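For reference, the structure is listed below as structure tokens.
So that you can tell them apart, the chains are marked A, B, C and D in the order they are listed, and the count of residues begins at 1 in each.
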Amino acid sequence: MKKRVEKLRESVLRENLRLASSGLVILTWGNVSGYDPEAGIVAIKPSGVDYREMKTEDIVLLDLQGNVLEGKLSPSSDTPTHLEIYRNFEGVHGIVHTHSQYAVSWGQSGRSIPAMGTTHADHFYGDIPCTRKLNPNEVQADYELNTGKVIIETFTGIDPLAMPAVVVNNHGPFAWGPSPAKAVDNAIALEAVAKMAYLTVRLGGEERIDHWLLDKHYSRKHGKDSYYGQKKK
Amino acid sequence: MKKRVEKLRESVLRENLRLASSGLVILTWGNVSGYDPEAGIVAIKPSGVDYREMKTEDIVLLDLQGNVLEGKLSPSSDTPTHLEIYRNFEGVHGIVHTHSQYAVSWGQSGRSIPAMGTTHADHFYGDIPCTRKLNPNEVQADYELNTGKVIIETFTGIDPLAMPAVVVNNHGPFAWGPSPAKAVDNAIALEAVAKMAYLTVRLGGEERIDHWLLDKHYSRKHGKDSYYGQKKK
Amino acid sequence: MKKRVEKLRESVLRENLRLASSGLVILTWGNVSGYDPEAGIVAIKPSGVDYREMKTEDIVLLDLQGNVLEGKLSPSSDTPTHLEIYRNFEGVHGIVHTHSQYAVSWGQSGRSIPAMGTTHADHFYGDIPCTRKLNPNEVQADYELNTGKVIIETFTGIDPLAMPAVVVNNHGPFAWGPSPAKAVDNAIALEAVAKMAYLTVRLGGEERIDHWLLDKHYSRKHGKDSYYGQKKK
Amino acid sequence: MKKRVEKLRESVLRENLRLASSGLVILTWGNVSGYDPEAGIVAIKPSGVDYREMKTEDIVLLDLQGNVLEGKLSPSSDTPTHLEIYRNFEGVHGIVHTHSQYAVSWGQSGRSIPAMGTTHADHFYGDIPCTRKLNPNEVQADYELNTGKVIIETFTGIDPLAMPAVVVNNHGPFAWGPSPAKAVDNAIALEAVAKMAYLTVRLGGEERIDHWLLDKHYSRKHGKDSYYGQKKK
């Protein structure tokens, strides 16, 4: 078990560093966590620590209720948001939060990111939803937990594994996946499609991708009939 | 013959890596292939493999009908599109597919990229065409082959060597050339002119380049009266 | 005392180099200064010197009235602006001036940068103000001093530690903080939020962040109830 | 004399490489030349050669009439434009041509780049002019020479040392200066101000910089009363 947890911690460090080198985050903004459901353990980036100085032992370990199990540093202030997502979205084992600029801009406009092409369809099955705004009560107490709750509310009737990202209104994006590495991939894809949707709208493009093309591209990469990538042995 | 094929494979690897370092592709999106018409062999990137780990032996060899001749990995899922282009466009010996962001945005808007200046004219003789959308039947069966067919259809009356790129509607660009290296050059030029056309349109520019200037710049670099670059010995 | 001053000089050099590598400045544009109130000494970048060749001893030392205390080179031509800020904004011990492109564009439009999301709120408590234009008299004599004065005038009723940046009309941004390092952080954050506000406005977003969310994010990072980052020991 | 010429050649190589690493050029687009008026010699980049492989001996030497004095490679196809500028603009000893994207976009819109702020004023004394279009005759014969002629025509009544750049209609920018290094500085500044003017216009900014502020910033850096940078010894 100890070895499993160490592996989780290392992957969370590695993905935080990959996120930092991807150009999606500046300063100490952004964080990656991972969840091992068998161990019941979440590993997350410490709060406000410089990416260049982060070490494996700085990654904080918690249980799903937020009790710190190991680590001398305070966990990311966004931890309650991550935990609420893990508690509600089965199969999600990695979460990324960034302030990547095009995705934030859709969130600041209060708009979902429209599915306009196959790049989008390869990762996200439909429009990437934007949450409603939080009211004063939700912000003043348990703000980060309520950010998680409004994400869960937004996903009523949406499969979080087919739509592995959300834009929080006036805030920014969260992306997730079956592992920390897949979550970072989705965060990178999210910013790319957010930029392309921005450019498309500015060029006067208004139509979403045809649903048959959306279906095709999504199923090409995901599910039992997928044929993208190498067959698992 | 073996040496020729090995050379093709190496150039396809090299150009896939150059494409990855050009900033045009993120994650594992994008692929480069090469075709040796004397050997009758196409070499193409394997599907979904990380660029940082790709080796010469990972490049898949196929015949023009898509039968795998050598290689343990599955070829790019876009292979049928590449093959359809090689079967129809004589003189094309390298093809590149990317999701580069400005070119995709023109495709997501369903618009051809207008020829607005000499940068464009240096590489593309006129507007870079955008295909029609595929219908449900074309998408559901043989999707990648039909993507190739709609490209060929779009080029009715257009010389593919004078117009070495296309934007597939709601999808993204394909570029090509007489070698994998020239195809990557054209993919890089395509994204640059797609960005400049975007900016020009946003500034209110609406006029295309004068046809005499288009002719001059294209013929300066291409054809029997070209005088750009060094004379071949 | 000598050691304190040497430390100030080194931090000013280090932050000038960090600014140069941040992508915010090109050529020799931009400068960072630091102020040690106990020593009564300001350290600032020399004028027009290449970042790649700058050494600790090139950093010029002055008193608050602008008398050079040490250094063979001329101080930045913007020095009188820096000094006017230090003389008036208590607690400000680091100042950065750049021509970062999105912030400049708001200044060239004569518009304050609207607070549209939590990224903004994490660093700036409200809209980042744009100064009025300078009149001919203010420009012709003591131009750099008057640039400082118009910044002070703009901050009537605004706490410079809660709003650590300004955009000078038709010119560009100044950012500051309790240290040169924090000032550079704020300059980096400023350009990011200037870009996101630009994109948001282009997407049709017109609303500012709710005041309860602005309050929450600012207080999460600043003041006695802050809980972002690691507790100081 | 031989030593002077060798120095010119080295500076032209160095500045071509700096241009390549500045992000302003892609592929083999763009070129830098230098002129030594005492030697009567122009040194220029060879045509279509990869920047990564360029060596000092590849830089071609010509006289002002375009006769090759030394060098095995063909000079840049834009050489007649460079020579026409050197023959007409006294004091210009370095010229740069790029297809940098924001500057090109102004040229493709047929618009001069408006002077909107102090960044612009630090380098360019007023709007950066856009030439008229060339007519069919001017394009079909002696195209590159006529590109030079239309630049000279555009500068009737404009001091080329106070306005060291132009945007050629439907083509792209040329920048120059008293040395190849200063010409590259101006090409870099040109792209930055072209981008900022684009963003300003998109934000609804319509006013040019006040003429007293333009005068101040220009004279702060140039002419007998300049006080930016270090005093020459």
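Keep in mind that, in the parts below, a contact is a pair of C-beta atoms (placed from the backbone, for glycine too) under 8 Å apart; a residue touches a chain by one contact, two chains touch by 3 or more.
This one's a predicted model, so the numbers in the text were calculated from it and none came from an experiment.
**Q** From chain B, what is the lowest number of touch steps before chain C is reached?
**A** 2
**Q** Applying the touch definition from the top, give me the chains sitting in contact with each of chain C and chain D.
**A** none
**Q** Examine where the copies chain A and chain B touch and state whether the two sides share over half of their residue numbers (same) or under half (different).
**A** Different residues, largely: of all residue numbers at this interface, under half are found in both copies.
**Q** With centres defined as the mean of C-alpha atoms, identify the chain lying farthest from chain B.
**A** C
**Q** In angstrom, rounded to a whole number, how far apart do the mean CA points of chain A and chain D lie?
**A** 46
**Q** Distance from the CA centroid of chain B to that of chain D, rounded to the nearest Å?
**A** Here chain B and chain D have centroids separated by 33 Å.
**Q** Residues of chain C touching 2+ other chains?
**A** 202
**Q** Could you tell me which shape the graph of touching chains takes: line, ring, star, complete or other?
**A** It is a ring, because the chains touch in a row that closes back on itself.
**Q** Sort out which chains touch which and give me every pair.
**A** Touching chain pairs, listed by label, come out as A-B, A-C, B-D, C-D.
**Q** Taking the touch rule as given, give the residues of chain D at its contact with chain B in the complex, in rising order.
**A** 26-29, 46-49, 73-74, 77, 99, 101-102, 104-111, 133-134, 136, 139-140, 143, 170-172, 198, 201-202
**Q** Where on chain A is chain B touching in the complex?
**A** Listed in rising order, the residues of chain A that touch chain B are 116-119, 122, 185, 188-189, 192, 195-197, 199-200, 202-205, 207, 209-210, 212-213, 216, 220, 227-231.
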